[in-house]
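If you scroll down you'll find the structure; I have some questions about it.
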């Protein structure tokens, strides 16, 4: 504990590395706790599998 | 908000497109809210990773 | 399978009843499958526990 | 997108407010994106419902 | 790692204690790993928030 | 109900088969219930997507 889960579109390994470090630091700064106890699970979501407003993201034109 | 997550076996992109649209409409009809605020995340699950009755689905004979 | 999870702010029991029925029907219409196999889990989220744009919903004025 | 979920033991509302703000800022610094699109869901877990090493946390002596 | 999550109807604290211990042992027997690394999160679901076949469990007669 | 979800690093199909069977038996022994109602979802997590102590597992040396 805690477990932080992030669902996001694809990122580079460098971005995921920075994200894991900074989320962990943000947690400790605001909620305290032991750094090693903080677990982070990243799930990269395909744009064919995420919808908002009833429309799949991959189908949106912008 | 809301977030609707669907875990299911593999479907076609056309089925996922229809599913996203119809779940969104079903939510608005019954619970109200702003269409754009409705987020849907689809996870397609491999039959090697889902079990019922203690048996992996891919191992079942039917 | 499938499992549909809905995270939303509090609703009435009547709304949840209608939501469960209509999500189930929407799934069958678009993806097929056996009605009894469709499982729905509703989680009602407190406005103190949901944030967007870095601000807890309960703290937003509008 | 993204959705960040935090499962942790109980915190004060002030801590949750700070956490939501800092996780959002950490995400933008490392992965970019639009601030308003970042959703955070906090789940506070009872120590009777979390175990490690096969032992429920509330039962541990330390 | 691993994280095991259990969503179930309400149980006694004694049952949850036994469940946490036995799931942990079952994991080690079959998949190996370090006992202390195994985390279990139990979520007790209200029968008003779970549906199958389009019907909320609390509304079912049996 | 119940639904048991396991997030773990990659395992063989034989290990997943044994895990599904043993978790199901552990649940019935401790919490009772109908074997066929027990659903298990396994998610195998890439070591690039799991962090503890702010460090991605794939980056750790030990």
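Each chain gets a letter, A, B, C, D, E and F, in the order it is written, and its residues are counted from 1.
Here is the rule we use: a contact is a pair of C-beta atoms (placed from the backbone, for glycine too) under 8 Å apart; a residue touches a chain by one contact, two chains touch by 3 or more.
Computed from a prediction, not measured in an experiment: that's the story for all the values here.
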item	value
Neighbouring chains shared between chain B and chain E, ordered by label	A, C, D, F
Rotation angle (°) superposing Cα atoms of chain C on chain F, nearest 5	180
Proportion of interface numbers common to chain D and chain E (over half same, under half different)	different
Result of counting contacting C-beta pairs for B-C and A-E, higher pair	B-C
Interchain centroid distance [CA atoms averaged], chain A/chain F, Å	21
Junction residues of chain A, two or more chains touched	1, 3, 7, 23, 25, 39, 41, 45, 50
Contact graph of the chains (line, ring, star, complete, other)	other
Listing of all chain pairs that touch each other, if any do	A-B, A-D, A-E, A-F, B-C, B-D, B-F, C-D, C-E, C-F, D-E, E-F
Residues on chain B engaged by chain D in the complex (per definition of touch)	1, 3, 39, 41
List of chain F residues in touch with chain A within their complex	7, 45, 48-56, 59
Chain F-facing residues of chain A, complex	13, 16-17, 20-21, 23-25, 35-44
Chain A residues within the chain D interface of the complex	1-9, 11, 15, 18-19, 22-23, 25-27, 29-31, 45, 50, 57
